[in-house]
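Below: a set of structures, written as structure tokens.
You will see subunit A twice below: alongside subunit B first, and alongside subunit C after that.
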Partner chain A sequence: MIAGVFAGVSTRARILVAALAVVLLAAPLVLDRYLLSVLILVCLAAYTGQAWNVLLGFAGLLSLGHALYLGLGAYISAALYVHYGIGPWLSVFPAIAACILVATLLGWLAFRFRIEGVYFALLTIAFAEVARVGFDHIAFTGGAGGFFLPVRSEDQGQWWNLRGGPTFFYYLALLLAGNALLLCALLRRSRIGHRWLAVREDPEAARALGIDVNRARMSALLLSAAMTGIAGVFQAFYANNLFPSQIFDISRSIDIILAPIIGGVGTLFGPILGAFVLAPLGEVLISATGAVGLNAPGTKALFFGLFLMAIIAGVPSGLWPRLAGVLRLRSAPDDHALSHRRDEALPRSCRGGRCFAERRSWFDLRGDRSKRRR
Partner chain B sequence: MIGPNGAGKTTLFNLIAGVFATDAGTITFADERIDRASPEHICQLGVARTFQIVRPFPELTVIENAAIGGMLRAPDMDEAYARAGEILRRLDLWDKRARKAHELTLPDRKRLEVARALATRPNLLLLDEVMAGLRPTETDRILEILRTLNREEHITIVMIEHVMRAVMALATRVHVLHHGATIAEGTPAEVTRDPRVIESYLGAEDFA
Partner chain C sequence: MTLSLYAEVLIQGVLTGLVYGLMALGLSVIFGVVRVVNFAHGEFAVLAMYATFVLFTATHLDPILAAIPIAALFFVIGWLLQRLVVQPFVVRPQHDQFILLVGLAIVLVNALLMIFGPDSRHTDLPYAYDSWFVGPIIVDKVRAYGAAAALAVAAALFAFFRFTLTGTAIRACADNLTGAAVVGLDIKKLYALTFGLGLACAGAAGAIMVALTDVTPMLAPSFTLLAFTIVIVGGLGSMTGALLGGLLIGVVEALASAIIAPSMKSMVSFALLVAVLALRPQGLLGKPAT
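Take a look at the complex of A and B:
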């Protein structure tokens, strides 16, 4: 199965992926604690970005409330650990189940009542806000005052309870990000992946080809929610403190979506590249603004906003398609019956910037795109 | 199906394909009532359609477009792509398989839409003005392809067409719609001689 992911990928791309993997695996040997913590943020952002990308990049649904699943996963696993001593490796399952349950409700509402485009995005925000306000009042998880996990010293690490040092968390985050990439690469080639793409491109035409649009959308939503919930479990045990006003906040949802948008929505490597650009940028901004005494709240958000505007104006399909073009990560066309097994993450048409002018924006949110196209 | 603009030809297709629900009456396909069925179910039963305003999946490649149609009756994706390849070769799109659909010219996009519909292995193919806007040589090529499909794969084709040359060349029966009702039906030769058809649609030109 894993071999299938790499079948047809050009040698050049394979070498680059392998080199990246080696560098990332060896990173803790050379990096200090601080740089390692930045790399953990990178991996986590790559993972959540990949999860969110399943929904918009594959199935064409914009969620602006993905913090909901992050928070749910975090709170459920933390509560089970603090109150009942159930470790995260077990509590990840109820956390996933809760995310799937809530996403089912959201999806049912949206698809039953044909809430599409920008209205779907608003619905996802509403769900996250309800959770934020709700968790403020749940005494069982500390309410607005926050929920804290018992901290152990690092040398008494318990991997089974996700207690450990930065190296441990780094490899865990790397594992998550790597698996998410493999999963998405497999899905992109699978039947369900093709259904998602068809629905994303044109729901009515997809229906005329025998595809159940609502079912396809629901499956993308559930998968994306479940993946994000797992990140929530990680987040709870990594940060050791949870506040509804932070973890369910819309700014957290925006953090999740920035990496794939900057890297390239709908591509496999976009979320990873975006995470590599964004997380270090955030750290640089914090120290730079701190150094010049500008550390007012919102400075980072302001700079991220400007950066995002520059990306959308300059490279609307993200940095990855451009970088893939520069690195010439494309295999030569072949007449093999399985010619689809080339890496679709590397758009073949994006040469010389041509496709960027023609490409529709991801941020055009009217419900049915197809009606206003050629 | 021929008839003036607004006669209800595309509406009829949308009713058959399940996009619109019927107000009255029934639609039956292969002994099954389909007037309450969803578009995806009707497609699964073996009815495929093209759209008057072409709508291939623009950001996907030509072969991906066709493979999405091929998925319907293929046990796995390799099979779906094999089916897609077979259809693309047939419709002269194989050389463009790695191009994105939105990069194609209009005739190619029309052909791609026919390919995508055919990839579902339909028994009934609904073609909504596939000849419109094509040059005569392109029309001839599509006519040839459709004739082969009809003869060799036994696919029934219902087409809405304004290009009378295509209608005369391909159709065995012609229905003329006007204001939502059939005003004439028969062989192309019979229909083009019908005075009501000449008055409401064809004009005084000689098509026979």
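Take a look at the complex of A and C:
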């Protein structure tokens, strides 16, 4: 299996990946508690970014509600632990099941009624918002007042209950991020990976080739939801407190999408690179603005918003393709980023060009139709 | 609950809904013509709320009258935004546009958060608690004025699109861009104009909204969602649909807060959104897709 992942990857790239793995594995030996906590954030962002990337980067569906699965996973595992004493290694399964259930509902609704593009993104936000408001009213998990996991010193070191120090959580996060990368690399080469790309690039053509577009999209959605749900379980036991207004919030969904967008949507290493850029940058920003006396979280988010706009305007395919060029890595054949080419079907009149295309009618319905090339 | 109380809630919902509808109208116009989804729409409405609040504290200008200068200001902002930021994205894939405007939304909310803080602000209107008695029913004066102002702005926009040459040109861009370009319309200019008009709607709605509710930066994302919900429920492409959707959502939210709980009102409108998407995806007044 591992051999399959590395087939066709240049020696240079293999050496770099191995070096990165060694550095990350050895990191706890030299880093202090604080830096290790930053590195945990990096791994977690890389993991959730990878999960989200499956959906937009591979299957072409933009979700802005991934906080939903994060929150569901977190709340379910936390509730099972607090109320029934069921440990996270077991409760991760009901957490995944719940995420899959909700994602199936969302996918059924979206794909059955051909909700695409922006409408799909809105539907994901709406689902996350419903969950946020809903969990505010569930007394079983503390409602709006928050849900807290007991932190007792005698529990320390109970790895089966995810009770441990930063090093333990670091290796767990690294394990998650590493496995997500392997999984995505494998899937990318597989039949389903190729189907996803076909659907992403041109759903009509994919349908004409006999690909069940809805099924391909649904499988990407379910996988992405399940992966994010696992991150939620981790989040619950790492943070030990949950608030619906935080974990289901749209800003959490945006945190999830930042890393892959900055690194490069649709690439395997994009989410990882994005996470390595973002989390340390966030920490630096917080300490710098705190020192100046500004509202630190606000400044950080403001800066990230500007960063997001700058990336999407200037380097829409993300930083990874650039870095890969600098490192002289022959970009692996399957590592193509989500395309940002100017769509020929759209009017060039806006740029003073010559070619025009018909648009269907005043206020078209549902998404992408005008953007399909014809 | 007595019948008259229901009637009051209903009327309150209709009056607030008209202001929501005006905000959603701006979103609908921008998407219908420029075909860019303004994900920062609610953020701009909240920005307008703060602008009106600042204006009110400085000059005690009635927020509902302030809707006129604020709309003008937001027209200029919209024009510049389209010209400087959004125009290159007109031909980019939808998700790129969406991410750009999500970024802008984050910037706006957090800028407001840094300047004004998370506490809610409100304007003390001299007639804030006045009301009329229509038989047994009480009608809030301020809501009635706000709704009337929203209707006036919407009517002006309708008239602009229907009767002026520029309005017809914008409709031409939306209907058939090729044709519009062939007959020599300056599409870039018309797009900037449309974006300006869309934000002017958001600005006017925001100015009126200050008279009705307290303002915090946290309102912004929910306003964006609200505007989208209204546009989808009303039917994308129908300007009357946007207003009607606003009415409907306003009434549904008012009833939900009265009957269930105020904090559950957004859930009810999302349920409505899901129901509309499932049963009538083109919206109430939209034309079915062919």
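General observations
Definition applied: the second predicted complex is superposed on the first by the 326 of 374 C-alpha atoms of A that agree within 3 Å, B and C clash if a C-alpha of one lies under 4 Å from a C-alpha of the other, contacts with A are read in each partner's own complex, and residues count from 1 in each chain.
As a working rule, a residue touches a chain if its C-beta (ideal position, glycine included) is under 8 Å from a C-beta of that chain, and two chains touch if they have at least 3 such contacts.
Here the structure is a predicted model, which means the values were calculated and not measured.
In the superposition on chain A, A:I250 makes contact with subunit C only, not with subunit B.
By the document's definition of touching, of the two partners only subunit B reaches A:D202; subunit C does not. Legend: residue contacts after superposition of the two complexes on their common chain; A:F113 is shown touching subunit C, with no touch to subunit B.
By the document's definition of touching, of the two partners only subunit B reaches A:D212; subunit C does not. Looking at the shared chain after the overlay, A:L35 reaches neither subunit B nor subunit C. Of the two partner chains, subunit C is the only one touched by A:E129; subunit B is not.
When the two complexes are superposed, the chain touching more residues of subunit A, out of subunit B and subunit C, is C. Once the two complexes are overlaid on the shared chain, A:S190 sits against subunit B while remaining clear of subunit C.
When both complexes are aligned on chain A by C-alpha atoms, subunit A residues 338-340, 347-349, 358-359, 370 touch subunit B in the first and subunit C in the second. On the side of subunit C, the complex with subunit A involves touching residues 28, 31-32, 35, 37, 85, 87-96, 98-100, 102-107, 109-111, 113-114, 117, 171, 174-178, 181-182, 187-188, 191, 221-222, 225, 228-229, 232, 236-238, 261, 263-264, 266-267, 270-271, 273-274, 277-278, 281-282, 286-289. Interface residues of subunit A facing subunit C in the complex, by the touch rule stated above, are 56, 62, 64, 109, 113-115, 117-119, 121-123, 125-126, 129-130, 133-134, 136-137, 250-251, 254, 257, 261, 294-295, 298-299, 301-302, 304-309, 312-313, 316, 338-340, 342-343, 346-351, 356-359, 361-368, 370-371.
Within the complex formed with subunit A, the residues of subunit B that make contact are 17, 19, 38-40, 43-44, 48-49, 51, 54-61, 63-64, 67-69, 71-72, 76-78, 80-82, 85, 97-100, 102-103, 116-117, 120. Across the complex, subunit A meets subunit B through its residues 189-191, 194-195, 197-198, 201-202, 204-213, 266, 333, 337-340, 344, 347-349, 355, 358-360, 370, 373-374.
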